[in-house]
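Structures given as structure tokens follow.
One chain, chain A, links the two complexes that follow: it is found with chain B in the first and with chain C in the second.
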Partner chain A sequence: MIVPKNSYRLQDRNLNFEVADDFDFNNSSTCYYLRGGNGFGKTSFLEKIVIPALKVANRQYLYIGQDIRTQLYTLRALLSMQGHKISDTDEYELLKIWVHQGQTARTFIMDEFDKYFPDYHFIFDWSRSFIQNYIIVTHQHLQPARTGAEGLEATHVIFELIGFDGQFKNVRVRKESYDNVKV
Partner chain B sequence: MRIYNLASLLEQYGDQFFILEFNHLFVASSIREEVWLLQRKNDLALIDRIIQQAAGFNLLEVDADRDFETYSGGQKAILGCLLTLELIRARGIEGLNVLLSNILDSISDDNRVKLMQLFEKIHSSHHIRLFAQKSNQLQEIFSENDRT
Partner chain C sequence: MTMLKFSVVLALIGLFFWLFVFGPFYANPSIQLAVFLFIMGWHLVRFSLRETISVLKFCLPFVLSLFVFGLIFHFMRLFGRSDWLQDTLIKCLVFPSSLVFLKVMLATITYLDILNLPISMQKRIGLITMKSAFQKGESMMRRFSWYLGTYSGLQSSGRIRTVLRKYACLIIALYLYLYEEIENSNRLLQNRYQHLYR
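Presenting the complex of A and B:
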């Protein structure tokens, strides 16, 4: 599955994206780190472009959204109904059970997960055997040149505001070499 | 529990702090409604100041009546902080302890710097102390001792 470089208009989000590079989810094992200003459409890019493309390609994914608490409440209820004894289980264990149940997924998306778990490398440990691509939205100052996970390449993606016509924001989405990533 | 629990956050800090929590920033659904609830009037001057300040954060599409749910998470965090700062000014509140919970990690680097500059100003002018949670620890960003 490839999200090709192209122009994308999100009418309901008042966003125009100029995606300057292809995003290849087929042939590489990559962790994409998405960074950019507030309101530049990182989450919209995930929810309106990447995830629909994953669905069309019938490529399963795991997604931890920004409002992780609501998701965890739902997860707790779901796992309870499946017979797991999770009443005293903390979030870490809860996520572990969920990830282990998601072994048909090939893409793992985390939107600002690092603000709750700054050291989130355990996600790679749990999922690297079956996940090919990770997409991580982050505002952390320092992101790694390497992911630390075996065979997983780090690719930095920057969202830049290039225009505003009073209604729509024009945002360029491009890959950025690590040397240019602000640290 | 690694991820905060709202009840325990309030139990632990509710008596001492004005808490701005990323997932519970607003009671109402727009800036105008929020200001109306807090000021008990349609305070147009305050609303205008919030919108003007927001433009400085590249929040160019802010509108008094726009539903908060149509903003991004980081934009909502910035608007929550701007609303708080402007209310402190408008009401002449002094000596408040403000706790930011999951706010700063939701904001881009450049906007974080701008926001800290605004908090530093209000810290100096209104004796506001600012705290944030870092790795589950409470960290004081501006204390009374370093007030200029």
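Presenting the complex of A and C:
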């Protein structure tokens, strides 16, 4: 069990999460789609709750953040330290090298990756052989066939604002059945 | 007025370096410790606890490597000197003090100050670009550090080795960022100036 049903308070982000369901990221072959309005804490949920939980569980993961342009500087630095020649390498190739060398990872997290690469099936092509589950933050319509995630069980996670006291946002995080997901 | 402000800032920087880095108080560990604490306190008040911790974390690998080399030289009695340890400890205080002092002083110079300087527009653009890149660089560093903490490829058997590898990556990432950011911002400012400042 990685993230149990509970209340989580992120003081520095002014967010309270009511996690209404248990999230077991050890489950194989699952693709979690996280959706919700801007400012409802999807990224904070990933960075402050999910990733620390993965670290505690010693489960290896790959994470592509929302500010990919910033992250690419660190990827260039990391890969050049490892002896890769990256001076003329574009973003796609950088990501490919990084994913290929991350074969011990079992979870792949992408935060609005489709903002940069609307058709990101290549991520699945590169990683499907070793990644067990994907966590994808998206605002896009459901197109699992195009994303290459068709072999995975889709679990839809909704972030909904249930209260705001002027300082803290109260956000409920719950699983939603496919039929009820507004696309 | 702007020239006066610039002159005072530059004079204070010069005075600091003359007194505490190259001059009469350099070799006094008590004064260096007091200066270090004062400057860190100043930084804390001027910025925030988070930023102060961040700047100290940035200095840490440099200070640690200084200390390790100082220790090795001390035990080797390099060049017959027996004061390596004391000198190293002073340098471990002087380095963060002077860096943070420079940062606090340069932060007092605003973009408007730069625009008011009696220099050519090309030079102003250069200064604005530098200020913007370094200012953003600090917040970027925190984000870089966060991302690097998520890469399993950086992990190795020893914790110290892992930390050193992470810092090496951090410095490379920061260098790449500054290089690219300065180039892009400069190009953008030149373009704006060329087409809008008429």
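As a convention for this text, the second predicted complex is superposed on the first by the 170 of 183 C-alpha atoms of A that agree within 3 Å, B and C clash if a C-alpha of one lies under 4 Å from a C-alpha of the other, contacts with A are read in each partner's own complex, and residues count from 1 in each chain.
Going forward, a residue touches a chain if its C-beta (ideal position, glycine included) is under 8 Å from a C-beta of that chain, and two chains touch if they have at least 3 such contacts.
From a predicted model like this one, the values you see are computed outputs, not experimental measurements.
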Three-chain arrangement built on chain A, chain B and chain C clash or fit: fit
Partner chain in contact with A:N6 - chain B first, chain C second, else both or neither: neither
Partner touching more residues of chain A, whether chain B or chain C: B
Partner chain(s) touched by A:D67 [first = chain B, second = chain C, both, neither]: both
Which of chain B and chain C A:G102 touches, first, second, both or neither: second
Partner chain(s) touched by A:S80 [first = chain B, second = chain C, both, neither]: second
First, second, both or neither for A:S28, with chain B first and chain C second: neither
Contacts of A:G39 with chain B and chain C, given as first, second, both or neither: first
Partner chain in contact with A:I51 - chain B first, chain C second, else both or neither: second
Closest approach of chain C to chain B (Cα atoms, Å): 5
Residues of chain A at both interfaces, chain B in one complex, chain C in the other: 67
In the complex, chain A residues that touch chain C: 47, 51, 60-61, 63, 65, 67, 70-71, 73-74, 76-78, 80-82, 98, 101-102, 104-105
Interfacial residue positions of chain C with respect to chain A in the complex: 140, 143-144, 146-148, 150-154, 165, 168-170, 172-174, 176-177, 180
Contact footprint of chain B on chain A as seen in their complex: 14, 35-44, 66-69, 72, 90-92, 112, 114-118, 139-141, 161, 164, 167, 169, 182
Residue ranges of chain B touching chain A (in the complex, touch as defined): 1-3, 23, 57-61, 71-75, 77-78, 102, 105-112, 135
